[in-house]
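Chain IDs A, B, C and D follow the sequence of writing; residue 1 opens each chain.
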């Protein structure tokens, strides 16, 4: 295999890994503050993508043509809507079930995911078919032999990594982040410190969901297509990535995301059996990894959250 | 499908046993009507009735009386429940479809009981229930088409193979806990389905035919003739599924109330403490995991024969979720809860067929509502009680 | 100078009452202690004041302001701070971050820095270890962090829950000395303890809680000398 | 009231728990005959199922408006979720309902394979409207089972012929791992190899896959003339889009499952331009009945498009109704009538069933994407030479 192709695979993998990592970070945040898995995360991502798509249609309808203006509007509206949705989910579905068996939250959010998905499929105009997400980024491409790198991919990956770094700084360097970490480590003591627990939980869910919306838009801009089922597998993979990395640890989520992307790419191109086995391969490795490192690659120590 | 789905206010003065028997009879009649209900009006009416009855039973203390009845007269009550199940099957007699649904429900219950031992007792999550169910079904497909193994043995083989393949997961499942083991089973579920689809040997995405059940020359795909009337061939499957469900129920109950059950409970509550008391945590987990998979495998094997055609699409992650919902909706560790939830999870989406494409939306909203209003499950498990010999009482 | 007044308080977990008809007053500028054995309901009382376990009935006022059942962060906002039982570090945070959290509701960064310096003066050991993770410190050091954290908020009233629990006698003595010095700065202290002798030695007034009921009260000196109470409750 | 409206009513009724809904049509003197429809109404391929359901519904509604119809028809639509076990359930439900005289069933082949036994066992005459696996009709001797659409055999033979004639030499194949995608792959590979085409690589992908860059990068390395895709529209859209991302210049060739307007709705710019695909049956728009179907479908105001197989569902339902009109709502009689169907006019071309109930006039129409529409090849500017398919 020549270097160009290798570079191409690498570029694909990085793109994929960035998206997975963004989703995984959300899982890790929710798990950190509330010890819960919010399984509707993938579908919230889909809602973010559809909100962005609808915003774009609206922008075009009022006659704004500039793609950068459209992009900003799409991002702002979709992240805000999805963040609000995340906070609502936390307030009305997750917090009320805190004292119930933890699996119930998993089930209720799974069901919510189904409801969101079905809702879009049934009530969004022609929702059961894929939608063409506009290409708002410059598409100039750099061709180096068999390696083709497009400007939009570069922008997307950079933006995605910037968001992850930003989230990391937010968690580790700000007063809000301090409160989030405090809640994650010891809810009750955090309250005693005067932290408004409910508010922090809602804000965390809003942040995680906003990140999902960003991932959704990124997905749309990259694949130029969104559909009602896009969140299902992404959610599943994001969850697996968060777990193999080690739950409650942002670095773990990032590691897990890139690892999963790598496994899929390797499974599809570098292994002797048919490429359709790539998911079998990727998930098989996940199982083996869990047997080897039962608490993830970056192990969660006693109460190492966020 | 019993206990709580009670209706008609009964004077509290009746002795618990009488109340209990009337309740069981009422549930049986209700179940029979619900299975037969076709029109949206009838279905809606019955659902409303059940909700009202459940609510009423709580309010009037009827459910407490029922609890007492189950507690004090377990022999009579269990007998009555089995009898009314048989009565419902007999009443349905020639009705193919309701019998098919009833059998499906019972088989899902068997699998859910297995999961309940994993989830509810031992605290091990398993999101690959449908995969183990599927392993059973595929085992029966291969064995009925390619071998002459007696079908009753095939059921056992289904359970055994499910346990064997499950053994591959034992290391990661035992070593991990909580969400980490959730991901192991989720990964396995996805892997299983994808493998079946990609692979050609087991029929690929197309699926496989499954031979019918056959006990000593009695082919289950021919309707039995009873007093000159030909019954639906599904009566065979309904009877066998009932037998399987009753057996699984009794066995699981027995397990729950034995020393072993106590050990599993303590593993769930505190692994470290259990280890301190000399409980072999690893062995307990291996046992619970295997037990659950065997039940799922056996149920799947019979399900495959009944449905007579299987494909990877029938054993997806979302099917595993249905099984998980049965366990959680019923209440973790609650066997009767699983029974009630199996009815809801299997039957309600089917009855919602009248809503066509809207049915899953409504179903998911319903489950969300149920979880919000009854976070501990519909019939939460009572405080455990250990009885030497495992007999009765609750 | 601030005070807490508790009137006819009932608090329950699930359906079982843990506190029954408890009334007491924490006088401004003094150390008021609450004594009682394990399970008497002492910590529940603290939780009730803080709003962690809202009372079922009764009234809690701080300087005349009703805080019954208010959310915890509001109670803290009213000038109350708490040094919780068992110290409760944020184990994966550094000493400075733990201290910083003590002043979570303080917005003035300069003030926070100033207070942190004062804590480091009081506990020079912490100054050396400000970047160490709290979870990796010894029990005694954690106790210092916990007390320091309580002071970071600059409270008017400080609730201290069993500061001697699980500490070596040397540290216990040191802690009580510091608590006594806290009073000197004008902070009202409500001290909950099992350690009768040392507690009464530094307190001004005391209450005795048993089985959820208040069974005795009096000045620290009276309680010290009350043979009956001693025999009945602290045997 | 139209069916769509009544469905909404049912939903509203269920949600508000209002019991008083009236679904009864105004009193008619006619006897009511129930006809079934089964397809995937939920899940990933529900767009196809809903399109089929709407079309079948339209056939029933139109006939009910006809004064000369002997019976009043009522549609019993059921959802098989594209899962064999659910399919067996609903097939049993339908087949054991004595009021149902016949049914138009299944889009998913695996489901149809699982249910044909049931129809045979309970003697319910059915017409398959979308499933393309040959074995559904050819794998058994059941008199009850018929199919109006062609099998994937016909389609791929025409496809291979046509593409080789266009001068293409080498192919890369992507197929989804469902029965649909794998089946198409099998037959296309067979016919293409026979006709001398060269297959450079075959890639299986899962039906919910989003990212194809790994497979496509490998395809880029293989450098084929054509990328053949066997699967449905959503994946086709993603693959075409990502081919462009990676700068793959090959011609894109599809199968019947992507002959949907959603292909254009899903693709930005002119990426769709020049894609070729194949569909069984005559082009609906060209037959007199086809134009009528399209305008009536628009008028009925369904929320979803009729998609590639809607016309088949419409044709199948009409055929079934014709049978009932002729011989009455008796299952045996309907089965017997269907066995002898020869050159029955339909919007997808004439229908003639062979011994296995398979429509033998499996006309295959070639389509090319031109200016955001699927245009019949012979009418296109590509055929006339005004435009060129992609040749490297």
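Note that in this section a residue touches a chain if its C-beta (ideal position, glycine included) is under 8 Å from a C-beta of that chain, and two chains touch if they have at least 3 such contacts.
By chain, UniProt protein names: A = High-affinity branched-chain amino acid transport system permease BraD; B = High-affinity branched-chain amino acid transport system permease BraE.
The shown structure was predicted, so the numbers you read here are calculated from the model rather than taken from an experiment.
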(message) Treating chain A as absent and keeping all other coordinates fixed, how do the remaining chains group by touch?
(response) B, D | C
(message) Based only on mean CA positions, could you tell me how far chain B sits from chain D in angstrom?
(response) 36
(request) Just give me the whole-number Å value for how far the CA centre of chain B lies from that of chain C. (result) 52
(message) Multi-chain contacts only, two chains or more: what residues does chain B have there?
(response) 194, 197-198, 357-358, 360
(message) Two or more other chains touching the same residue: where does that happen in chain D?
(response) 42, 46, 50, 177, 204, 206
(message) Using the touch definition from the top, which residues of chain A touch two or more other chains?
(response) 118, 274, 276, 279
(request) Kindly provide every pair of chains that touch. (result) A-B, A-C, A-D, B-D
(request) Could you please specify the touching residues of chain D with respect to chain B in the complex? (result) 7, 10-11, 13-15, 17, 19, 21, 23, 41-42, 46, 49-50, 53, 77-79, 82-86, 88-90, 92-93, 95-97, 108-110, 113-115, 117, 122, 133, 177-183, 204, 206
(message) Show me the residue ranges of chain C that touch chain A in the complex, using the header's touch definition.
(response) 50, 52, 71-73, 76-77, 82, 84, 88, 90-93, 97, 100-102, 104-105, 135, 149, 153
(request) Going by the contact rule at the top, pick out the chain A residues touching chain C in the complex. (result) 175, 178-179, 181-182, 185-186, 188-198, 301-305
(message) Using the touch definition from the top, list the residues of chain B that touch chain A in their complex.
(response) 119, 125, 169, 171-172, 175-184, 186-188, 190-191, 194-195, 197-198, 317, 321, 324-325, 328-329, 332, 357-358, 360-361, 363-365, 367-368, 371-372, 375-376
(request) Report the residues of chain A in contact with chain D in the complex, numbered from low to high. (result) 1, 5, 8-9, 12, 15-16, 118, 121, 125-126, 128-135, 141, 143, 146, 148, 150, 153, 219, 222-225, 227, 229-230, 232-234, 264-265, 268-269, 274-276, 278-279
